[in-house]
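Two complexes follow with subunit A in common, the first pairing it with subunit B and the second with subunit C.
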Partner chain A sequence: MRRALPIFVVLAGLLVAIAIANPYFLEPPAFLAFVKRAAPLVILAAGQYFVIVSGEFDLSVGSLITAEVVIAARLIDGSAAATWPVLALLIVLGLLTGLVNGTVTTLLRVPSFITTLGMLLILSGAIFLWTGGAPRGALSPQFRELGRGSLGPVPWSVLILAAVAAAAICAMRAGFGHTLIAAGDNDRAAALSGVRVARVRTVAFMISGLSAAVAAILLGGFAGVSAQVGQGLEFQAITAVVLGGVALGGGRGSVVAAMAGAFTLEALFTLLNLYGISGAVEPAVQGVIIIAAVALGAVSLPRRRAAAAS
Partner chain B sequence: MLRMTGIGKSFLGVRVLDGVDLEASAGEVHAVVGENGAGKSTLMKILAGVHTPDEGTIEIDGRSVAFGHPIEAQRAGVAIIYQELTLLPERTVAENVFLGREPVRRGLVDRAAMESATGELLSSLGEESFGPRDLVRRLSVAQQQVVEIAKALSLNARIVVMDEPTAALADHEVELLYTLVRRLTGRGIAVLYISHRLPEIFELADRITVLKDGARVTTAEASSLDTATLVRLMVGRELDSYYPPRAAEPPGEVMLSVRGGGNARLHGIDLDLRAGEIVGVAGLQGSGRTELAKALFGAEPFTSGEMTPCRPRSVREGIAAGIGLVTEDRKAEGLLLNQHVRDNALLVARAAGTRRPGIERLLERVRLTPPRPTQEVRLLSGGNQQKVVLAKWMTVAPRVLLFDEPTRGVDVGAKAVIHELMRELARDGTAILMISSELPELIGMSDRILVLRDGRIAGELPAGATEEAVMHLAAAS
Partner chain C sequence: MRSYSRRLLASAALAVLTLSAAACTSDKPGPSASAAPAGSTGSEDKGTGAQSKFFVQADYDAQMAMRRAQPTGSPDKPWEQSIDPQFVDTAKYKKAGPYHLCFSNAAVNNPWRQVGWKTMQAEVALHKEITKFTALDAEGKDDKQISDIAELTGKGCDALIVSPNTTATLTPAVSGACPKVPVIVFDRGVQTDCPVTFIKPIGGYAFGAAAAEFLIDKVPPGGKILALRILPGVDVLETRWSAAKVAFDKSDLKVVGVEFTDGDAAKTKSVVSDYIQRYGKIDGVWMDAGATAVAAVEAFEDAGQPVPPINGEDQQDFLKKWSDAKLTAVAPTYPTYQWRTPVIAALKILKGEQVPKVWNLPQPTITQENLATYLKPGMPPLHYALCGCENLPGYPQKWGGTS
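Our next item is the complex of A and B:
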C-alpha cells in the first residue's frame, strides 16, 4: 500500500485541477461521464495488471479489441436477435486469445513480449484481410446500449466497471492472487513450493483477454465501429499499470493502484483537453509517463535495498 | 617466485582469511587444500586481483605488487582457470585465446596470425585433438581447459591457479590433465592447484598448504604427508558448538523408502527415512547431494527405482506425498523476497489448497524475531529468512522434511534455533534428511550419516562418526 499511495495523491491532484478549470466536473452527471469514458481503459488495465504482476506482458489487447468490435459489427449487422449470442462469442474469443498467449508463453517458453507482439500482428493482419480495411456491418442498438446507455442516472459501463473491479479485488485476495504474485516475484521458489506457475500465468493471460473483450463491448457501444478502435490501447493499459506503481517483472503492486493509474491517465488526458492542448500530444505524454514511472521505480529500489543492508 | 605474506580479508565483518602465508616457486605444483569455507577461493581471488586484501603483501619475483583489478594480475603473469570455464561457446578457439587483444593488421583482425599463434600454443601443449578454428561449443570440458591454459600461456602467465580442475572431468581425461600440468611446470611455471580430491593431490603436488577456518595450518612437502595425516590436518578441530540432544527413543516407522533410485546424476540409491530420526548426508561438491534431495522431493525426479509411499514425478506430487524441501539457495529457490512473511509462510498451504493454519502461532514457534507477519522478507536476516522457510513447510506438516544446507549464511544464534527446531520436528514424528557440507553440524545433528560420492551412496556411518571417517569415505576414489 505504501508503494500504491503516490498514485492516489496524483489522481486526487489531477481531479482537483480539472475541477478548478471546469467547476461542473465534480457534479454527479459530469463525473459519471468521466468514469464512463475511463471505464474501458480501467478494465483493460485491471486485466493487464494480472499479466504484469505474474511477470509477463500482454501487448495483444489493443488489436484484440479492434478484432472483437469489427467481428461484432459484421456478425450482428444491426440485428437485435444476434446481439446476445455474439456477446457470448466475444467473451469466448477473448478467453481463447488469452489461452493461446498463455500456453505459448508458458509451455513453449516464448517470452510473452514476443508471443503477444506476434498475436498483435496476427490479429491486426487478420482484421485487415477480413475487412479489406473498412469494417462492414453495424452494431445493434441493444449492443450499443451497454457502452452508451444507463440504468437510471448511472451508466451501464460504470456498473460493469464496478463489477469488474470487485471481481478483480476478490481474485487478488483469494489463493489465486497470492500464487500469481508468488509466480511473479520468484517463479523458481513458487514452483518449488508447489505453485502451478504455468497454469496461473495462463489464467492471467485469459483474464487479460477477457478484460479486452469487456472493454471492446463498451468501446463498441461508446465509440462505434472502426478499424482503429483499439489502436494503442495496449500501451495505454501498460502505462496505466506502471503508473500505479506495479513493478514490471512482477511480484509487486496492487490491482486497485493499477486501476487508479488508468483513471489518472484518463484524468490527465481530460485536463490536457480542457486546456485546449491537442490530442495529438497524448502519445508523447504517455511515453514520458511510462519512462518516468519505471525510472522512478528503479531509482527508489536500490535506495530501499541500501537501507535494508545497513 | 610468488610470496604472499600475512594475507587477511574480512567480508561484512566476518573474517575469512587471517594472516595466511603462501609461496610458490618456478616449476612447482603447490596444492592448496581445506574444507568448504576454509578460505581457498578467497585467497586465490586475492591473488587474481578479484578481491583486494585488507592486510598482507604479495611479491612476485621479489617485487611487491598490489592488484586493484584482475587485468593487473594478468599483466603480472597470474592466470586463473576457474571451475566454471569462461570461454565464449560460439567463438573459435583462436578467437577465445586472443579475446580482447586480437592482432590487428591495417585496421582489421589478422585471423591468420591469430590462428597460427594459437596453433603453435596448442601443439606446444601436445594438443592435437582440435585446432584453432574449431568452435569452443564443440569441445569437451577437458579440451576447453586446454584452451584456457593456451590463453594463459599466450598472456605469458608464470603463475597458473587451477581451481578444482578435475571436478567436471571423466576419469580418462584426468590423466591428460596431469600431463598438461607437468608440461606447465616443465616450462618453469608455478602451478597452484586447488582440489578436494586427495589422490590427485598426492599424484601431482610437490608441496601442500592446508587452510582451515581462514588460517594456514601448515605447509609441508607432499612426500612427508599421507592421506590420514592430511585429512586430520584439514578437519581436526574440537566440536565447539552446542547441538541439541538426540532423541531418546529409537526411530519409528519408515516414512520414506527408496530402492535402486536413479536418474542422470544418481545411481542405485537405497535409503530409508524413519519417523523421528535425522539422517545426515555428506559428500563433496558435485557428489549429488542436492540432486538426491531434489529427486526425493520430485523437483528433479528419479527415473528408475522404487520409492514408497510414491515416486514423485513433480514437486506437487512430492508435496502431496508429504515431502518438503528446504532448498540450499534460500533467496533463489526458497523465498518470495518482496512479499511479506505471512505470504511466504502460507505459500505452500495456498498452493496445495489446504486450510490456512494460524500463522501467528507458527511464527512464534519458529522463533521469528520479531514474529511480525507483515515484514518484507528481503529485509530479514539470513537466520530469520530461514525460519520463514521452515514455517512455510510446517504449515502443511510434512511426513518427511529434506534440508539442503539448513544453516548456510545463518548467524550462530539462529543456527542453534534451527537445530533445535529440527530436533523438535523429529520428536514430533517427522523424518528428516539433512545435507550439510559443515562436518561438525553433520556429526552433531545426525543419528546416522550417509556419504555420497559420484552420485552413489558410498557408505553409512553411525552417530558420532569422526570427521576423518566422513572425509575418507567422501574423498576416496
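Our next item is the complex of A and C:
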C-alpha cells in the first residue's frame, strides 16, 4: 500500500486542481460522471496490471474492445431479447482471446509483445474485412443501459467498477496474486519453487481479455456502435499501469495503484480539457508519462534494493 | 528484461503511429490554395482560429452561388439534375450497344461509400444495354487505384468511371486513361480536364455554410458554439469547416471550441460533456459530418440539459433522434445519389448525347419541414437518406433495410 501512496498524492492534487477550475466538479453528479467516464479505462488498467505484473504485455485489448462492440451491434441489431446472450458471448470471447494470447506466449514462447501485437492486427483486420469499415446493426437500449444508465443516482458503470476493483484486490491478496508476482519477478525462481508459470500467465491474459470485454460493454453502452471505440486504449491502459508505479517487466506494483493510475490519467485529460488544451496533446502526454515513469523506476529501484541489502 | 520491454514499447508506439498515419491519406493543398485570401482577419475574437490552407475564395464563391441557383431537370430525379451545365459534345464516343462499363472505386470503407456503391450497382442493373460491369476496389490505397485504372483500360471497357482516392496522386493515372476510353470522374476531382465529365454535388463549402447559417439563425446573439470536426488536413472536410468559419466570423456567435473527434462516438460524447461542464451551457453545435451527431445529442441528454440547435447529416440514426427528441436541427447532405449519375452519364456519352463538362448535382438540406420525407423506418441506422434508391429494384433489402 505504501508503494501506491505517490500516485494517490498525484491523483488528489489533480482532483483539487480540477475543483479549483470548476467547483461544480466536486458535487456528487459531476464527480460520479467523472468516475463513470473513467470506469472503462480503470477496468482495462486493472486487467492490464495482471499481465504486466506477471512480466508480459497485452497490446490486443484496444482492438478486442472494438471487435466486441461491433460484433455486439451486429448480433443484437436492436433486439432486447438478444441482449443477455450476446453479453455472455462477449465475456466468453474476451476470455478466449486471452487464452489464445496466453497459450501462444507461454507454450510457443512467442514474446507477448509480438503475440498481442499480432492479435491487435488480426482483430482490427478481421473487423475491417467483416464490416468494410461501417459497422451495421444497433445496440439495444437494454445493452446501452449498463454504460449509460444508473441505479438511482449511481451509474451502473460505477457499480460495475466497484465490483471489478473488489474482485481484483481479492485476487491479488489470494495465493494467485502472490504466484503471479513471483512469476513476474523471477520466473525461473518461481518455477523452481513450484509455481506453474505458464498457467499463471495464461490466466493473467484471460483476466485482461475479460477486462476488455467488460470495458467494451461499458463503452458500447456509453456511446453506441463505432468502429473506432477501442482505438489507442491499449496504450492508455499501459500508461495508467506504469503511472501507478507498476514496473514494466513485472514483479512489482499493486493493482490499486494501477487503477489509481487510470483515474489519474483520466483526471489529467479532464484538467487539460478544462484549461482548453487541445485533445491532440493527449498522446504526447501519455508518451512523456510512460518514458518518465519507467526512467524514474530504473533510477530509484537499484538504490532501494541496495538499501535493503545493507 | 526491463530495457528490452522498454524498447519494445517504444517501437510499438512508433509502429502504431505509422500505421494510423498511413491509414488516412489526404491531399496537400495545391498551389492555388496558397493564394487564399487573408481577408478573414479579426476572427480571433470569434474563436474560429486561422483560416484553412485549403480555403479557395473562388471555389467558395462559386459554391455559394450554386446554392441559390435553380438546377435544370426534374426535381423528382435529383441525380439527373445539374446546376449551370456547360454541355460538351460527345458524338465522337458514340457507339452501338451492348456496353461494357468499368469502375475504379477508391474504397468502400465507410457507410457513405457502402450506400453509394449499392446504389450504383442497382443503377447498372436497371440498364439492359450494360451487359458487363467490371469494378475494382482500391481499398483506400492510391497505388492500388493507379494499377486498377491501368488494368481496366486494357480490359476493353467502353467507358471508365473513376472515384479517385486522392486528387493529386490519381491525376496522372486518369490522364493516362483518357486517350483510350471516355472517362467519367465523380465525388473527388482530378487536376486535369481530360475526363468527359466530372460529377459532384455542390461541395464542402455549401455543406459547412448551410449548417453554420442555421445556427446563426437559431442561436441568440452571443451564444456559445462548439464546433466538432473529424480530423484536420483532409481537403473535403477542411472546406466544410472553412465555410463555417467565414459564416461564424460575420455573426454575433462565439465559437468556444473547435475540437477533433476522430469520428469516434465515445470521444465526441466526452468532448461535448467536457464543454457542457466547462461552460455550464452550450448554445449550438456545428459538426463537419453527421456520423457522431447522435453521440453529441446524447451528451446533452445525459447531462440533463435541453439539446441546443445542432446539425447532423442524412444518416437515419440522426434523423430518427431528431424526430423522436424533437430537436432543433438541420442536416446538410453530401448525397449518395451521386453514385447513380456516373452510370447515366456513361450511357449518355456512349449514345452520343451531350453531358455537362462539370455536372454539379443539387445538394439538398434536410430541414424540419421535409424531415418526414427522409425519415425511413426500417432502414439501418447508418443508412443515408439521400441515396435516391427508393425506386430501385431490391430496395430496401439490398440496403440492409426491412420493408
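Just so it is clear, the second predicted complex is superposed on the first by the 303 of 310 C-alpha atoms of A that agree within 3 Å, B and C clash if a C-alpha of one lies under 4 Å from a C-alpha of the other, contacts with A are read in each partner's own complex, and residues count from 1 in each chain.
Here is the rule we go by: contacts are C-beta pairs under 8 Å (C-beta built on N, C-alpha and C of every residue); 3 or more make two chains touch, one makes a residue touch a chain.
Model, not experiment: these values are computed from the prediction.
Student: After the subunit A overlay, clash or fit between subunit B and subunit C?
Tutor: By the criteria stated at the top, subunit C and subunit B fit after superposition, with no clash.
Student: Applying the touch criterion given at the start, work out whether A:25 contacts subunit B, subunit C, both or neither, answering first, second, both or neither.
Tutor: The second partner, subunit C, only.
Student: Between subunit B (first) and subunit C (second), which, if any, makes contact with A:47: first, second, both or neither?
Tutor: neither
Student: Of subunit B and subunit C, which one contacts the greater number of residues in subunit A?
Tutor: C
Student: In the overlay, answer first, second, both or neither for which of subunit B and subunit C A:261 touches.
Tutor: A:261 contacts neither subunit B nor subunit C.
Student: Go through the superposed model and pick first if A:228 touches only subunit B, second if only subunit C, both, or neither.
Tutor: second
Student: Just checking: does A:219 make contact with subunit B only, subunit C only, both, or neither of them? Give me first, second, both or neither.
Tutor: Second partner only, subunit C.
Student: Examine A:98 and indicate which partner it touches, taking first as subunit B and second as subunit C; both and neither are also allowed.
Tutor: Touch status of A:98: no partner.
Student: In the combined three-chain superposition, what is the angle centred on subunit A between subunit B and subunit C, taking C-alpha centres, to the nearest 10 degrees?
Tutor: 130
Student: Just to confirm the value: shortest Cα separation between subunit B and subunit C in the superposed three-chain model, in whole Å.
Tutor: 14
Student: Which residues form the common part of the subunit A surface touched by subunit B and by subunit C?
Tutor: The answer is residues 247 of subunit A.
Student: In their complex, what parts of subunit C are in touch with subunit A?
Tutor: 1-2, 4-6, 8-9, 12-13, 15-16, 20, 107-111, 114, 257, 259-260, 262-271, 273-274, 277-278, 292, 294-295, 298, 302-303, 317, 380-382, 400
Student: Where on subunit A does subunit C make contact in their complex?
Tutor: Spelled out, the residues of subunit A in touch with subunit C are 22, 24-25, 30, 33, 37, 55, 57, 59, 111, 113, 117, 128, 132-138, 148, 219, 222-226, 228-229, 231-232, 235, 238, 247-250, 270, 273-274, 276, 278-280, 287, 290, 294, 298.
Student: Please output the residues of subunit A touching subunit B within their complex, sorted ascending.
Tutor: Its residues touching subunit B are 175, 178-179, 181-182, 185-186, 188-196, 247, 251-252, 305, 308.
Student: Can you list the residues on subunit B that touch subunit A in the complex?
Tutor: Contacts found on subunit B: 299, 315-316, 319, 325, 327, 332-339, 343, 346-348, 350-353, 378-379, 392.
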